[in-house]
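Letters A, B and C name the chains as they come in the text, with residue numbers starting at 1 for each one.
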Amino acid sequence: MRALLLRDLKLAFRAGGGFGLGIAFFLIVVILVPFSVGPESGLLTKIAPGILWLGALLACLLSLDRILALDWEDGTLDLVATSPLPLEAVVSVKALAHWLTTGVPLVVAAPLFGVLLNLPPQGYIWLVTSLALGTPALSVIGTFGAALTVGIKRGGLLLSLLILPLYVPTLIFGAELARRGAEGQAVTTPLLMLAGITFGVIALLPFASAAVLRVNLR
Amino acid sequence: MTLRVKDVSVARGGVTVLEGLSFEVTPGKGLILKGPNGVGKTTLLRTVAGLQPPFKGTVEAPEESIAYAAHSDGLKAMLTVEENLRFWAEVFGKSDISAAIEGFDLVELQGRLAGSLSAGQKRRLGLARLLVTGRPIWILDEPTVSLDTASVALFAKAVERHLASGGSALLATHIDLGLSVDVLDVGPFRATAREGAIAGYDEAFL
Amino acid sequence: MGSIWEYANPVKFSQTVSRFLAPVAIVAGACLVIGLIWGFFFTPDDFRQGSTVKIIYLHVPSALMAINAWFMMLITSLIWLVRRHHVSALAAKAAAPIGMVMTVIALLTGAIWGQPMWGTWWAWDPRLTSFLILFLFYLGYIALWEAIDDPDTAADLTSVLCIVGSVFAVLSRYAVNFWNQGLHQGASFARVEAVTGADTTEKVSNVFFYPLLMCIAGFVLLFVALVLLRTRTEIHKRRTRALLARERLA
């Protein structure tokens, strides 16, 4: 498992784009928002947590189809499936690698982009907390979608269609946590709900992902 | 460490392609499957390797004993030859890759990125992967594709050594490797429409 | 009386459907005609909402069936995964578009009703939002069926998606409830709660209740008839496929 994780990280570094592309996309979304809603700082402050969450979510979505598709095309998945690694572990490691290469950079970059959207000072800590807690769920759910669509040619669009509804609860609680934090309201409920969703999907969804991957390898 | 295939039928896309196949591969022995293109050799090998369930019959093999090599080698273009092999060695819980590198004449290529290798060199690397798995039963699907004569000889020697050390191999191939192993022509087992026992998973709808 | 699983045989199922389809469809049609005419023309106007209230005869049954169709798909998906009965998987496939249309009807009638009642076609009320999300789930489920060639693979993958989707649909429902609370608590929305969904039946008086019950029965039977018909069509499609495959082999 360690070998698989290290290999995936190494590939993400060498192939380029793994780190950079998601962040660049996130940055562009954040830059485009003021152009579309106007430069008024009060409005930007109000919508900043939501926009940052949406931007992070879309940036995450961008690289989902690569989680398994590359290993599918070159036959690695067939070979891994006949190896001692259980597929549940494989999909979990894949999700972890995706989070490390996509989620973590987004979490780190989000406060910088918060400045662009005039996020109030007390909001930064909760923005980072909510993203750090929520992006693992995005990666794990995304891996499920990638496993579902891995055998489908040009499955990228379908993947988005399948995954976005599944992202609704995470987005609601994550953005709500960031918003309440920014407005100085009580954050306990969304914090607990977001943590519950994240740990729940990490514990359970890999079984579903491995099951559909097994079907696709048949 | 015997591989037993009993009265197996395999289906592809809801249609049975081969039926009533039985054979055994005991330690130290090899078996070559022959048959025209599209007859279902790949489907059969995938079934034996455990990637898909047989439509009928049973495949018996000891747990964790099968190393499978498909048409594609599962190589990463952005990793070096050595890194590719080391990855698979770690996945299978082994650490020594020198035998594999020497066995397939990859010493000089060790530091090269797999993406920069020629098709034949990639194939050699893919086959070298079998040696690092340490598994006794090899299942090989057209292993000699894009290999030159020297490499084919290299491969045949590797299979011979594997068999001599108590391993076994099940191969689908068209060329003569010069191995002293049994040959099974799967052509006669091609599924036909007789007796209505055919259309695989769609049988219930007939 | 044999076991219920006998009907899992496609041929047996088709024969049974052929026998029951017409009666079910006729009763469904009768219930709908009687219920709707009764509801539209022979009930008084509501003292506050006027004649607009009569849209409940379409709105409530369709909303009910939108959810029940998904529930039926969940059960048939589980049956497919556990017992591998093809008819079960095909019934789930057959029900999805019907459920989606029911969702659309519920959303549209809701919007038409909402316009005169609270002055807007759309509001991000928890119930409305949940139905919109349900619509997306139907869309994804149907798209996945369409995208996969091998029918058994498609059945497996969509079944797992249906189960995972159900869990997330429930999660979304709670999330949306929580989210909307935080955004607006306008008094007008309390009335939305009163006129949409399950608790309607308690609030409306018997005069409205009996024709509504009739319409609900009509929608349920209509759904059953459509599912039976579409499942039989799917079975015939698979049979054609199997026969063609046999022909190629011969």
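Note that a residue touches a chain if its C-beta (ideal position, glycine included) is under 8 Å from a C-beta of that chain, and two chains touch if they have at least 3 such contacts.
For clarity, every value in this text was computed on a predicted model and none was experimentally measured.
Taking the mean of all protein C-alpha atoms as the reference point, the chain centroid lying nearest to it belongs to A.
Taking A-B and B-C together, the chain pair joined by more C-beta contacts is A-B. Averaged C-alpha coordinates put the centre of chain A at 32 Å from the centre of chain C.
Chain A and chain B, compared by their mean Cα positions, are separated by 37 Å.
Chain B and chain C have Cα centroids separated by 48 Å. The multi-chain contact residues of chain A, meaning those touching 2 or more other chains, are 218. Per the touch definition, chain B reaches chain C in the complex via residues 13-15, 191-193, 198-206.
Contacts from chain B toward chain A in the complex involve residues 46, 49-53, 64, 66-76, 78-79, 83, 86-88, 90-93, 129, 133.
Contacts from chain C toward chain B in the complex involve residues 9-10, 86, 149-152, 235, 238-239, 241-243, 245-250. If you check the complex, the residues on chain C that touch chain A are 133, 136-137, 139-140, 143-144, 147-148, 153, 156-157, 160-161, 163-165, 168, 171-172, 174-176, 178-179, 182.
Taken together, the chain A residues at the contact with chain B in this complex read 2-4, 7, 10-11, 14-15, 71, 73-76, 78-85, 217-218.
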